[in-house]
Amino acid sequence: MLLSPYPTTGERIRITLLWLWCGMVILFLLVPILIPVPLSFNSGAFFIFPLEGISTRWYEVVLGTQRWQAAIGNSLIVAFGTTLIATILGTLTAIALSDEKFPGRRIVMPLLLSPLIVPVVITAVGSYLFYARVGLASTYAGIILAHTALASPFVVVTVGASLSGFDRNLMRAAAISGARPITSFFRVMLPLILPGVLSGAAFAFVTSFDEVVVAQFLASANQRTMPLEMFIGLREKLSPAITAAATLMMALSIVLLVVANVLARRGKQRPRID
Amino acid sequence: MSALEPTKLDRPRASRNWSAADSGAAKSVAAALRRADLGDRLRSLTLAAPLLVLLALSFGIPLVLLLSRAVYDPTIADALPQTSQALRGWNGTGLPDDAAFLALAADLRSNQAKGTAYELAKSLNARLPGARSQVLKTVRQLEAADRPPLEVMKAVPFWSAPGTWPVIESGTHSVTSFYLLSALDLRWNADGGIERVPPEQAIFVQVFMRTFLVAAAVTLATLVLGFPLAYLIASVPKGLAAILIVAVLLPFWTSILVRTAAWTVLLQKFGLVNDLLLWLGVADDRLDLMYSRIGLIIAMTHIQLPFTLLPIYSVMRTIQPSQMKAAYSLGAKPFTAFRRVYLPQVFPGVMAGCLLTFILCLGYYITPALIGGASDQLISNFIASYVNVELNWEMAAALSFILLVFTLALFGIFARILGLDRLKLV
Amino acid sequence: MKITKARLFAFAAATAFITMGNAAFAEELSIMASGGAWQDAQRKAWFEPFSKETGIKIVEQEYLGDLGKVKAMVDTGNVPIDLVTVETATVLQGCDAGILERLDYSRIAPREKFIEGSALDCGVGLDAYGDVLAYDPNVLKEAPTSVLDIFDTTKFPGKRAMRKFPAQNLEWALMADGVAAADVYEVLATPEGVNRAFKKLDTIKQDIVWWDAGAQPPQLLASKEVVMTTAWNGRIQNAIDKDGAPFKIVWNNQILEYDMIAIPKGAKNPDLAYKYLAYISQPEINAKLASYITYGPVRIDAASFVAPDALPKLPNAPDHMTAYLVADTEFWGDYGEDLVKRFNAWLAQ
C-alpha cells in the first residue's frame, strides 16, 4: 500500500528515498545499542575500541554473583507489578477520558500527565518523605506504587491515542446487538486498541525497569534493582560488566518480543471492516 | 470535534442511521437521553477513579509535601522567636531599635544552647550570602560573654549593614516568596520592589531557556527521524513491520544508562563517529562531540525516538488503507491524498508523541551530566544538586514548581491553540 | 479480670524478655557506605575483624554518596542506619543542616591524634586521599611536574579534565597565579581573591572537560579525550594496578582530603556506632585499610603500622609530601555554599 495503484516515476523515487531515510534512522537506532555487545566481550577494563582480547569474564561477573542475580530478580518483580497495575488502571482511565462527557477533562488530563513533568528527583524525595511515614519506604510495594505513578501516564497517552481512531458507534452497535459492556469491551474495543494497550504496557515496563532515581531513594539493600546496580557500577568504574548486563537484557527482550509476536499471530482474530 | 471533520467521510454507515432515528425524537426520548447522559458521566468517572485515587496517594501527596517547601520555610521563624516579636513594630527601613538587636542576641544564644545555631546559620546563608560565618562568629563572641550583648552585636558590622535586617525580617515569616523569586533570578530590593539579581548570580532563567530549547530541538529531531519510519512500518506487510518494530523497540529495552555509556564510546574524540567522519572526509580534524550541546542532543534524540514514534505508529495503524485508495480513485494526487486524508488523522498521534518527548526531555539529568558539557546542564541537574549535594530542598522545590507551572502553561497554550480535542492526548 | 491481667502481665514480661534476649544476642550495626572497591576494602580491613572481635553483626547498606537520602531519613524520623560514610564537603553541609550528630570525641579517640582537618564536629576521618594530576605518558611526551601544569596550555596543549566543583580548582588556580600554598585560604577568603582565582580559571576554561563521578578520569585518559586530568589518587592507582593502564600520577602540589564517617541524627544504635568509631580509630587498625586500597591513615601515629609494601602508593607517604596543601574544611564550611553558587553561575556563562 506504499505505492498508489498506478505509480509514477516521481513516486518511485519518493518511496526509494523513504526507504533510504528509514534505513539510516534504523542504523541510528541500532548502532549505539549494538556497541555494548562487542565491548561486553572485552578482556580489558575500559570502554574503548579496539578490544584488547575476547573473554567472558564480565558475563561471569553478572551471572555468577549473587548481587547481580538479586538485582535482576528485584527489577523483574517491580517492573511486572508496575506494568500490571499501570496498564489496567491506565487503560480504564483512557477509555473514561476519551468520552467527551467526562466531567472536567481539561483539568484531569494535565494532572494525569504531571508525573512526567515533575523532575524525578523531586518525585523521589517527596515519595520518600511520605512513604517513610506510612511504612512503605524500603518495600517492594512502595517502589511499585511510585513507579506506577511514573508509568501510568504513558499508558493513558498511548491508549488514548489509539482510542482517537476508535469509532464509538461500534460499541453502540454491540450494545444494540445485546452485548453486555464487558463483552463488548473484550470483543470489540480491546482488539482494536490492543496495539495502543500493548505499547502502553511496554512503556510502563521500561519506565520501571530502567528507573534509577526513585529506586535510589525508596530501595534498601534488599530491593536493589538492576539499574541501581548499574548506576553504582558506572560511578565506581565504567566497567564492561554493565555492557554484559545490557547485552543479556537485550537478548532477553528479543526473545520476549519474538514470543509475543508469535502469540499475537496465533491468537489473532481481528475483525476487519473493509 | 474539528478533528473528525476530514474523517466523517469514512464513517457514514452508523451515523446516518442515528441521524434518522434522531429526527423523530420526542420529548420523552430527550429526557431518557439526559438520564443516559448522567449514567455515562458516572460510568466514565468510575472507570477513571482507581487511577486518580492511586495517583493522588502515590504521587499527589508526596509532591505537595515537597513543593510546599518552596513557599513554606519556618526554620528562621522557629529559630528567632524573640526577634520576630521585636521586629513587629519595625517599619522596614534603616536599622531596627536596640531591642531588636538584643532579641537577636538572645535568640542566637538560645540556638547555641539548643545546638541549632548551625541550622540557623545555613538557613540565613541561603538567603544572604556570607551570613553563615557572621552568625557563627557572633555566637562565639556572645558565648565568651566578656562584653554586654548589645556591644557585641554592634561591633560586628554585618548586623548593621543595610541589607541584613530586611532579610531577617522576611525570614521571620514562615511563608516566603524568596525561593520562588530566586528561581527566576529575582529578589526583593531595599525599597520593597522586585529586581533582578546581579548578573554573576543569575543562572536559572538562562538554564530554563536552555532546557526548553534542548527539549524542542530533540522533539523536532525525533519527529523528523521518526515520522517517516512510523509511516513505513504502518505501510509495509506485517512480517516486515514486525521486524522493523523490533528494531525500534530494541533500543527502548536497553537501559538508558547503557545507551548513555555507548554514546560516550561513539562520540569521544577517538570514537567511532569521529573515525567515520574522518574516513568519509567530511571533517578535517577530530571534532569535540563529547561534552557538547550537539552530542547531548544526539544522545537524547536516540533515547526519545521510540517515545515519539510509537504513538504516531499506533494511530497510523488504525487508519484504513481503503481511505487512501478512495482518495486516489477520486482523483487525488498522492501528496494531496496524504495531506488531506492521512495527515489530519495521524495528527493526534503526532501531537501525543511530540508532547510526550518534549515533556520527558525537561526532566533529563543523568544524560546531560555524563554527555553534556558544563554549559549544557539542564534544570533538573540543578534541582538534583540542590536536593542531594547542597541539601537546600526549598530551592529545589521552587525550581521544580516553576518548571511545573511553565510546562502546564505550555500544555494549556497548546490545548487552546489547537483545541483540546485535536490534541487528543487522551 | 484478675486472671486476665495476670496473664497479660506474664505475656508482656515474656515478650520483653524475648526482645531483650534478641537484642543481647544479635546486636546489629547498620553502616551505609558508597559501595565499590572502597567498601570492599573497608569490609576486609574493618567490618569483618570488628564483628569477629565484638560479636556485633554489621549490616551493610549502599548508597550513591548523596546526602539527600540521609536528610529524608532524618526528616521523617525513620533512620534505619547507624553510620554513613561521606565526603568532607558533605559532612559540613550535613552538620549545618542538622542531619548529622555532633560527635563526642571522648568516646572515640583523642582529637589531637588525628591529622589536621580530619576530625570534624560531625564526622571523623577514615582515610586520606590525594587530589592529584594524572596523565598518559604515551600521549604527553613531556611529563608534567606539578598539578599546576594543568594551567600551562602552551607547554601542554589539548583538553584537560577537572572536577565540576569549586573546591581544589580555586586553590590550584591561586597557586598557579603565584599565591604561596600557606596563603591560599587567606586570599580566597577575600572577594578579590575569589575573582583572581576565577580569572585564572578563565584562561583555560575553553580547554576544560568537567568530570562528575570518580570513575570518569581514568576513562577520559584511556579514551584519549583529554591529555591530563585531576583525579583521586585511588582511582588512578586502581586503573594502573588492576587494569594495567599506563597512567602516571603527579603528586607535586596535591591537595589532601579525607573520607569521613558520621552518625545520622536519630540513629537507633549510637552506642554501637561509637564502639565502631573507637575501634577503627585505633592507630594499628586505622592503618590496615591501606593494605586493601591506596588511601592513607588519618591517625598521626598510624604511619608506623602501615604495611611497608603499601606505603609508596599512599598520598601521605613521605615522598609525596614535599609540596602539598591540606584542604581547609573550616574555610569550605564558611564559604562553600556561596562559592558553589558562584562556580555554577560561572560555568553556565
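List of remarks:
Should a chain be cited, it is by its letter among A, B and C, assigned in written order, with residues numbered from 1 in that chain.
The working rule: a residue touches a chain if its C-beta (ideal position, glycine included) is under 8 Å from a C-beta of that chain, and two chains touch if they have at least 3 such contacts.
Just so you know, these numbers come straight off a predicted model, no measurement behind them.
Under the touch definition stated at the top, chain A and chain B share these contacting partners: C.
Taking the mean of each chain's C-alpha atoms, the chain closest to the overall C-alpha centroid is B. By number of C-beta pairs in contact, B-C leads when B-C and A-C are compared. Put simply, the chain farthest from chain B by mean CA position is C. Rounded to whole angstrom units, the spacing between the C-alpha centres of chain A and chain B is 21. Note on chain placement: the centre of chain B and the centre of chain C lie 33 Å apart, centres being C-alpha means. One simple way to say how far apart two chains are is to compare their mean CA positions; for chain A and chain C this gives 38 Å.
Residue positions of chain C touching 2 or more other chains, listed in rising order: 68-69, 219, 223. In chain B, the residues that touch at least two other chains are 264-265, 270, 387-388, 393. In chain A, the residues that touch at least two other chains are 47-48, 121, 125, 128-129, 231, 234, 238.
Here chain A touches chain C in the complex through residues 44-48, 121, 125, 128-129, 132-133, 137-138, 216-217, 220-221, 224, 231-232, 234-238, going by the rule given at the top.
Within the complex, the chain B residues that touch chain A are 3, 11, 14-15, 18, 37, 40-41, 43-48, 50-52, 54-55, 57-59, 61-67, 225-226, 228-229, 231-232, 235-236, 242, 244, 246-259, 261-266, 270, 272, 302, 305, 307, 310-311, 313-315, 317-322, 324-325, 328, 334, 337, 345, 348-349, 352, 356, 359-360, 362-363, 365-366, 379-380, 383-384, 387-388, 393, 396-397, 400, 403-404, 407-408, 411-412, 415, 420-421, 424-426. Every residue of chain B that touches chain C in the complex is listed here, in rising order: 115-116, 118-119, 121-122, 125-126, 129-130, 132-133, 136, 200-203, 206-207, 264-265, 268-271, 288, 290-291, 369-370, 373-375, 377, 382, 385, 387-391, 393. Residue ranges of chain C in contact with chain B, taken from their complex: 66-69, 71, 90, 93-99, 102, 159, 164, 208-210, 212, 219, 223-225, 333-335, 337-338, 340-342, 344-349.
Taken together, the chain C residues at the contact with chain A in this complex read 35-37, 59-65, 68-69, 72-73, 75-76, 78, 80, 213-216, 218-219, 222-223, 235, 238-239, 242-245.
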